[in-house]
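Chain naming follows the written order as A, B, C, D and E, and within any one chain the residues start at number 1.
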Amino acid sequence: MADITETIPTEKSGIAASVQAGFLIVGLLLLVLAPFFFYPIFLMKLLCFALFACAFNLLLGYTGLLSFGHATFFGGAAYFTAYTVKEWGFPPELGILVGVAGATFLGVVMGFVAIRRQGIYFAMVTLSLSQMFYFFCLQAKFTEGEDGIQSVPRGHLFGFIDLNSSTNMYYFVLGVFIIGVLIIWRFINSPFGMILKSIRENESRAISLGYSVARYKLGAFVMSAALAGLAGAVKAIVFQFATLTDVTWQMSGEVILMTLLGGIGTLIGPLFGAGLVVTLENYLATSEFPVTIITGIVFMVCVLLFRRGIIGEFYASWIGRKLGFVYRR
Amino acid sequence: MTMIFGIPVQALLGQLLIGLINGSFYALLSLGLAIIFGLLRVINFAHGALYMLGAFVAYLLLAYAGIGYWPSLILAPIIVGLLGAVVERLFLRRLYDLDPLYGLLFTFGMALTIEGTFRYLYGSSGQPYATPPALAGGANLGFMFLPIYRGWVVVMSLIICVGTWLLIEKTKLGAYLRAATENTILVQAFGVNVPVLLTLTYALGAAIAAFAGVLAAPIYQVSPLMGSNIIIVVFAVVVVGGMGSIMGAIITGYLLGIAEGLTKVFYPEASNIVIFVIMAIVLLIRPAGLFGRDA
Amino acid sequence: MAVSAMPTEDKPRVVLSARGLRRDFGGFTAVRNVDLDVYDASVHALIGPNGAGKTTVFNLLTKFLQPTDGTIKLNGVDITKTPPDKVARMGLVRSFQISAVFPHLTVRDNVRVALQRPNNLATQFWRPMSALDRLNERAEQLLASVGLTKEQDQLAADLSYGRKRVLEIATTLALDPKVLLLDEPMAGMGQEDVSVVSGIIREVARSRAVLMVEHNLSVVADICAYVTVLQRGEILAEGDYATVSADPRVREAYMGTEEG
Amino acid sequence: DGASDGKVKIGILNDQSGVYADFGGKSSVEAAKMAAEDFGGKVLGVPIEIVDADHQNKPDIASNIARQWYDTQQVDAIMELTTSSVALAVQAVAKEKKKIDIVTGAATTDLTGKACSPYGFHWAYDTHALAVGTGGALVKQGGDTWFFLTADYAFGYSLEQQTSDFVKSSGGTVVGSVRHPLSTQDFSSFLLQAQSSGAKVIGLANAGLDTANAIKQAAEFGITQGGQHLAALLFTLAEVHGLGLEAAQGLTLTEGYYWNRDDESRKFGKRFFERTGKMPNMIHAGTYSAVTQYLKAVQKAGTDDTEAVAKELHSMPVDDVFGRGGTVGANGRMIHDMYLLQVKKPAESKEPWDYFNVLATIPGKEAYIDPAKSGCDLVK
Amino acid sequence: MGTLLDIRGLNAWYGESHVLHGVDMDVGEGETVTILGRNGVGKTTTLRTIVGIVRSRKGTISFAGNNMMQVPLHKAAHTGIGFVPEERGIFATLTVSENLLLPPVVAQGGMSVDEIYELFPNLYERRNSSGTKLSGGEQQMLAMARILRTGVKMLLLDEPTEGLAPVIVQRIGDVLKKLKQRGMTILLVEQNFRFASRIADRFYLMDHGQMVSEFPVGELAGRMDTLHKVLGV
């Protein structure tokens, strides 16, 4: 049975590496210049979702675990951050830290239960647990139910950078995004990442070599949860509210769509996927097309025809191969 | 009046019965999921949408063709089953060689599309569907007033569950199905047309879901949302039961329906999460589920 | 290690021992009443007809399956309740009946993955991959010892079946185990590979205990000091190869009347 | 000084594909267009333009669109704003950008309470008005013992809380309540508890599909035949239509508008029906009213400048098919009469959409919180 | 004795990897033919390609007048081919008798269930236990037995002795001899050529995805040198 992670590029020749470096520089430049051409709040939203998708992809693309409950970490962190910043007057950086810590905690709890099952069971278990969290948020007092925590002050970063300026806010979000991606990159290219890879390849062999597979999976799960939380926490500061939308299972589905569209197991794919989904959502809002139908169709078409996603298809395409990107199979 | 935990026994009996009725829907849906998963290795996220479709087909048949409940009980499953067959032939078939997660994602997209379409066309507040006159009214059981229709639901779901179980455990067709679950290629090499079998299986699963939908129409609002509300719970049911056995899926469905019903009496705030809590506990104690075999 | 003398005629040390081992699957008892002692610095064979329960015994000893009954001790420590990865870390390492490599890693990486844990390089998620380079030397040594030097940059998936099994042994040795459990290491191997692998096993067993399941009786005769014959989950006979193969019950149940 | 950019542009931002699509949805957009046409398509000599968007019940999408509309698309006012998380988020954006927003779709009293804005208005209804209408007025009609079926989240609690306050202050008693989770399918357990409580009125402090399912199953369990009375705290014509009279008969509810109440409302209802295929509920009519009043304010102020228009909106009386005799408080609350309605028996209904008997009219002063006590810091 | 199975220029692939490079072979009616060869030379693949399990293939395969290249997998059995895979493929969730009755009967002339139980008395004893509870040898017998009932003309057996105890290997040899007497055509893949030599009429030697030589059983003794070289025994 072909693994969901089969489309991961395994090796890159010299050209591919430099092409990738080139893309990276151009991409960075574009991101730095973007607010001069696009609406900043839109870009910030895009970056938050891109980081969320990258974090999700860390789990799916590199350990083969499909979580259907990542909204819990994204939306949960948003609540924690919004609450501490608004009610306790925390500065933004501290609020974000609280959000990440909260998401990490949720990741430990959910991961502890969920990693007991694999494959689609894992997906169903995470879905159920996140639904539980959704009901918790709905009923808990501090989330203010369907109103959400509103009017969260953006405040001053480190006490002196005024985040109410959308330029400042944008570069802060960009900074967080880049740091997040760097963390993910380091994580998957580390000794730990190597063990993750071997577990994905042959789990019982990894056990027989003495690795407590569950702990490694949990490690990856928690790391992914923490980064998803980082994305959610920043989003709460950007939009100045945290609401139920971000903890629904539809949100968990959305991040899967972003990853799938961008390319499972590619480092930058989710950025493209997130860009596409966010743009599409915005566009559909003012069009005649009903959003869910289009999203659903995109999902189906993607699974049937472009399983590798935008970046994956590019790597596997004629040009990609010419440039030296190599695929398994 | 005798009391248990401060609740009159009479009320408790009533609640047990009601739990059983809810369990009927869980059992029917998890049964379909288990059959489809067993053979196709696809977690059918669209199962809730098919259930909704069953109810809607019944509604549409009534609204546009004047076809009532009884014919719909047969027609709607057939129509939805056919639709399932088409989906299997055209799309799902292409995903069998891939990681099962793709099947999950595809059917997720399918669920969104179906649900979105009906929401677009019919709004979300739901459509009316009356109880068939022959089953209207209720019976006073002494401890509660039982609408006759609800009794009918329990009976029908039991018949379908047991019938399906017999079909799969006791017939030649069932033997093919079980064998194909283990080794599709070999069964095919023996001269069995497995592709057709796969199509039939998905169609059967879809038809059972649609049947549940028609059963539900007179009780719940016929709404595009009725499927997505129930499917996540049914997933949890399936995890608790473990998808190893058909019987397991059925029994777990009824049991959890009852567990949920009782929670509504003792601690109603938790009734929507009680199944998830049970799921978490079962996973911690018996990761393979109550009736599951370890992979 | 400075143990000079080979175990003499009097009792060598028991490293792995099982008492009263039993395992039920539903109503069916796959293994019952199995007592087993595996000695240091020797090769012990577990043979028996198909379905006798050999693989199950392996699974029980390495804790991939939990025994229904009985106790298992490794170097005197009771491991009956220990999880499998812990057992592996205690020095009891197994191979699988179906070859177990990491197919999309290179041959060298396969061995390096095994080396990571003993060298405390498994959980560092903050260090770059190049931190693993210091394992290369040891990995290459191990690969050389089994003759895989030429193939070290290939993907394991591209190796032939026999080479995969050899790689698996190299990976296992990387953990420097005290007890090695090999499930049909020569099954489906060509004759050349069979001799290579028997050579390796013999070499390995100089300083370790090896328990292996094998159908190839000439190998068993050649390298195994002790043989246990299982039948229907129970021990039918025990002893050295000559004794066991002379046992008429073993001839009837397992070897048949034909010569070797 | 006239319109700033050669047109007056109004954005209708609401749920057009999700759970609240029937509540307002595309039909609200149509109501807004009717208002613009009735105004002659022009104000201050420049064209009136209506744009709309589907916020999909996601506050971040709504907030994103609102910002873009205000900043780059020259939208002067945003209206409708179904669901409270969206309404609160957009009102915050509007306040920051010093732009007008008029909420007709959301229920929370916070919009004119602690989250009030000098440029924000709340038009059609709110939880308080619903509670007064159904809670207070029904007790006077003899429904003096209550049992609540409450959706287990903030909205449900505040409906239950406010309603039982009015029940008690009108001399009734609350004999019990049970909290059910949001999106419950099966209410029979809860209904049995309500039934055995013996209360005369079962108050449904929930919304949408939950209310519809509860009503439908109450009929199945013979609760209304047993002499108990159902009162839905947030339910409109659109949902009664979805439920059908057979199941809904006898239900009481409160709305700020009923098309078949008098000639004027019938006239508007019929026109609306011709364009949308359904009769308007209070959100549709409220949106019509909000757009009309906004245009009148622009006309009167002679400019579309926010401060000037907001000043007019606060001071002008409301007098249209929806808000007859309405006034606007300093907190932005539009205060108008509400109606206690009862769903007819199928036999009583003389034509399609003829669903309600009007049981009582609740004067606006009673229905809405006195602005001075609203907790809004704009009111001294 | 006519030719039942005729294969010319058969090529087959697993994904990108080219495994069979032009296999030519034939099997006569009632004949027992054995393919010998080392691991991984493509013996199993040859059988799987004939049946149609491996579908990326080129060349011609004709069996009893059918062009097998055109026949879909689930129709192959109906032309009279019975395949017993290397891994036996006993179904765990089915009982022994369900396993036995599973393959549809494709032609007249198959054995009756009684005859089969007579041939394999152990199976009769265990008919109600689940398939995987059988010992390896019993599983192998069951795998063969269930094909005999269907009335196929030809058996494709993939290493029926692999991993079996010597005593069971003997029994299987006896059964195959009996089948041969009844006129069954058998294509056998074996590594154990001592076993093969007891029942085969003719041998093919396979290497690198091709048949490198072919000889009748009588020439076996004279060819031991080549065999040693190719098989490495």
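One rule holds in what follows: a contact is a pair of C-beta atoms (placed from the backbone, for glycine too) under 8 Å apart; a residue touches a chain by one contact, two chains touch by 3 or more.
Since we're looking at a predicted model, the values are computed, not measured.
> Between chain A and chain D, which partner chains are common?
B
> Using the touch definition from the top, what's the fewest steps needed to get from chain D to chain E?
2
> If you tally the C-beta contacts, which comes out ahead, B-E or B-D?
Answer by contact count: B-D.
> Based on mean C-alpha positions, I'd like to know which chain lies farthest from chain E.
Relative to chain E, the chain with the farthest C-alpha centre is D.
> How many angstrom lie between the CA centroids of chain B and chain D, rounded to a whole number?
37
> Can you give the whole-Å distance between the Cα centres of chain C and chain D?
A distance of 74 Å separates the two centres.
> Centre to centre, by mean C-alpha position, how many angstrom separate chain C and chain E?
32
> Pull out every residue in chain D that's touching 2 or more other chains.
In chain D, the residues touching two or more other chains are 17, 152, 181-182.
> Among the residues of chain B, which are close enough to touch at least two other chains?
Residues 116, 119-120, 269, 272-273.
> Residues of chain C that touch two or more other chains: which are they?
Residue numbers touching two or more other chains: none in chain C.
> If we use the touch criterion from the header, which chain pairs count as touching?
Final set of chain pairs in contact is A-B, A-C, A-D, B-D, B-E, C-E.
> For chain D, which residues count as touching chain A in their complex?
Listed in rising order, the residues are 16-17, 51-61, 63-65, 67-68, 71-72, 83-85, 88-89, 92, 108, 110, 115, 152-155, 181-182.
> Which part of chain E faces chain C closely enough to touch in the complex?
Residues 38-40, 133-139, 162-170, 231-233 of chain E touch chain C in their complex.
> In their shared complex, at which residues does chain A touch chain B?
1-4, 6, 64, 66, 113-114, 116-121, 123-125, 127-129, 131-132, 135-136, 139, 249, 253, 256, 260, 290-300, 302-304, 307
> What residues on chain C touch chain E, complex-wise?
Where chain C meets chain E, its residues are 28, 48-52, 160-162, 184, 187-192, 215, 252-258.
> Under the touch definition given earlier, write down the residues of chain A that touch chain C in their complex.
Per the stated touch rule, the residues are 10, 186-187, 189-195, 197-198, 201-202, 204-213, 219, 223, 328.
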